[in-house]
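The following block contains the structure, expressed as structure tokens.
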């Protein structure tokens, strides 16, 4: 007792002396718990964590010694636990195990354990932590412990231990959530996959499209090698195009959903699955688009320090002098380019604001009225600015035949299709008559088809 | 029982089958609760949430069936609840209602409900969530549920339900806080209103001031149309001016408060209301100023790609060649402009740091000594850098008569007034004798006027 | 009772009417508690918080009146509490005191208090708050209250009070943590000290190194005063150099640790202290490096608006015309400079991503697999991009003898040493045979030296 740090907390039992079991035991011991390891033969549990004063007992004795038993062994070895069922009766079994792949087994490890030893109270927990966090306590990405289990008392006991180890505990309900918890450490940005794939696909498409239209066309037709433009000029066309399309794709599902609700006359019918999934990744779509927009900004700002640009400007000045003619100052041009840049800056500023408010700690302090104001109202404003910025970029280029090389539309025109459609549809939804109907539907009102009504009455 | 998902939690009763009641019921059912709706006649509560297996009973039976009753009806219809007082006695009534406007009624809905049914334990809660969050569970801006109520046990029961639904619960104390909770969903950035109004006002003023001084003056006096400069050049003067003034306004109230404390000789007298309100919106003032400063940075960085600037530079080079004279390199000019830019960059960098540390999740991990170090010490340093940046911009322009067109001072001079005053006052406060007195006052020491002391003694 | 706001919560006692005691009393009263101050003589506790209706009793009576006693007096005055031991028996004593310096006393104030009055249940708490937060409730940097104590019930009572005051409570375990809590308000970015010192040292070194190499060399050898370049050009060399070195220093300890584990054949041996400390400040190293990289970006972007650069460009154009020769367009140069800029932008973009994911609220929502993916995989990619960016900057400069002024290597070469070493070592670790061994070691496998094994067996 004297060698224990500060507190004399209860005794805990750990089954399994693999990495997980040893890390957990070390941390528990350091926090002030008495830890005992279960093993097949007494004093044979292999190398125990250095510096710890833990005991090793045979399984039966170990199981009896503590109220909480941490199961840190692989699922394949669970069956031996069945023989300990009498000793484990009424105990809290904390299943810390993880699998190597998703869907390896029909039921979650914790549920399997509960089925093996029905008399015990199985709690899933700690499995979302890295061995590093188990050994050293909470760190940056490992502050939260998720637990689930059918017995409230058992969960409470586990929560107490986790809190004492310094973690924040989130109760995820009954043991049916175990599957979800076991999948959690295996996941790698699941909600980012679709937006990233989309961004990659669009980027690749527009890269090759513009490569053909600009570089290869110039090589074939004009016999001029401008391949050096791939690095910066071409990328600075691809990024804003993809960014604008993805930004508009954030707002398209909302518009589609509104029209679907208007058509159906109720909000109580489920959306099709693809629409649901689309709506759930809007935040990620927007953030990927923001990243691309930021790249576009940086690519644009380095324009004047690029060798190619400096060379061209100097060459232009020199040619003006040699030909002894000075082009007059074009006020329209000044207005147009300045507007083009300024609208772009304002759009990007709003965009950054949307990004900042989607930080978890910022969105947490907003009321949902504030959140929806920013993400909806300011979001459409951002989309409008960015679309307008692109229209200003185009200006009267669509009138020049040289814009249609090999009958391919310039990239910026393609990028304008989706955002323009979204903005027009949104304008339609803002018409007073449409808006009021939609608001009523969203407040729970349902348009009842007179015929259907009659049928219902007949049925009852 | 068999069709219920996983857990068999207690039965809950919901009054009201509007949008709110139905969304809440659906979510409660999905989480594993048994839900019963109260209605006037049995089995007549209207369309229930699709896919749910909820019952509908007459009000009396429904109220008796559950310990928790969610009241999701409009306040105007509360009076019928009075007839259920015997059944609701000892029950927990969760008031989920919201009003359409602030201050519609003299007392909060929840307090009114408590007055109607004194035997029930009224808890205000869930009303800060959107119907969407109620139906689908926690999402970005809707993780937190606020509750308040006079009975600790009743609150505990509600907190348990909310936790099971996946929300984080914040206890806001007794039922007197209900008014605040009912106002919460109606608020739209209340603490941002003043700073945004100020920013708009200042921006408008300086825009028209500089419009007259630069564009209109040039049109009237020199007959030159430089209106195209409105878009970028003028804006890039207005933004930094307003930003600097607003940054200094963040620090002015602190300085005023310090002088007030020095004058009064105590910290235990309340500040005037306007000063209190001013101090409470300093963070928002600073963030709006940071947004404007960021726009200033972007506006400045696009300078070299603007048509107007490129034209002017080329024209300058051409004129030099034609007149066959080259202006010599001016080392002072190089020092001055580089210093001007560099000080601006450093000021902006510090400014960004202040912005980042004001993110909730960052400021939460700082000790208050660290937070005050950053927001005060680094804050004044930022103000100093930005003011110095503006002085360097001015340099010797104040000596040139051409700066005073139509007897109007240049914008940058106006912007320097408040920051210079703040910095001078702060320097005064840093004088050792003043500083030590202020520190003592802030530690609770009070300067006692000898005369007052005597009066006090006479009175006691 | 009637004048109390809303709730009739229990009575609390405060010892000490200094700044802390008065602020705390005011807040407690406003929240609805009855507050009584202990004093030597009845009704003589000095000026009480304005507007509060608190009583002042002699210490004995005050101590008896409440279950919770807040001790807001200096440690030096604790000894008088010993005389109150009979009255304080079984009470909860909340030690709110702080010291002026670290390590002033051999034991923490709270532990000293517990020793003085063994019969009381001492809880350390509230001391991490500023007096301002105590008086006005939670604000930006003061939301969290840390408590520690040996009695769970006593802590629970304190947690309840803190929660009612609006704070978030974190239980830090037993009273041995009191020392840590008392040190907390005194700390000023302890984990940032080393990285900031390193950054300052490296910046100073490279500043003087490049000052000699560029400016002084030019002055001595060419008799040309280019001191104006200190402000922007020199700084824009120093910042990226220091940033790259510090970024690579984030990844060096991980590589060293891996080789150490490979050499030792186990992960269960502790790393040397210097390595542990180094690894713990990697996040801060990286963020300081990010700040410097951001400055480098801004310094680079203002290049085209600098007077010196504009002058040089114009002079170059003019000289070309005068000599009537035009330098041909150099495609390699265009490729090279564009690649150099683009790689830099991509590196900086990834770098920003690393910075954003290290925000507490963002890293909290990541699983540790996701966190380690970003901080490790994307981190090495960032290091690679930034190193490659520097190599592209150098290009063939190392071939030109003019690069070695006074036998001093150019700054960028020095900056490439550490990152190149780190990248090569990391590549070695990624070799399949090395990688698989390391993975096994990290999963808990230990290489057992056959000789050692034998020795062990002999010993047992």
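In order of appearance the chains are A, B and C, and numbering begins at 1 in each one.
Here is the rule we go by: a residue touches a chain if its C-beta (ideal position, glycine included) is under 8 Å from a C-beta of that chain, and two chains touch if they have at least 3 such contacts.
Fair warning: this is a prediction, and the values are worked out from it, not measured in the lab.
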Same-residue or different-residue interface between subunit A and subunit B, half as cut-off: different
Superposition of subunit A upon subunit C: rotation angle, C-alpha, nearest 5 degrees: 120
Geometric centre distance via CA averages, subunit B-subunit A, whole Å: 26
Junction residues of subunit C, two or more chains touched: 301, 304, 317, 321, 359-362, 364
Sites on subunit B touched by subunit C in the complex: 150, 171, 173-176, 268-270, 283, 297, 300-301, 303-304, 313, 316-317, 320-321, 326, 329-331, 333-335, 337-339, 341-342, 345-346, 348-349, 352-353, 358-373, 442-444, 446
Subunit A-facing residues of subunit B, complex: 5-7, 18-19, 22, 31-32, 47, 49-50, 128-130, 132-133, 140-144, 163-164, 184-189, 225, 227-228, 231-232, 235, 291, 294-295, 298-299, 301-302, 304-308, 310-311, 314-315, 317-318, 321-322, 359-362, 364
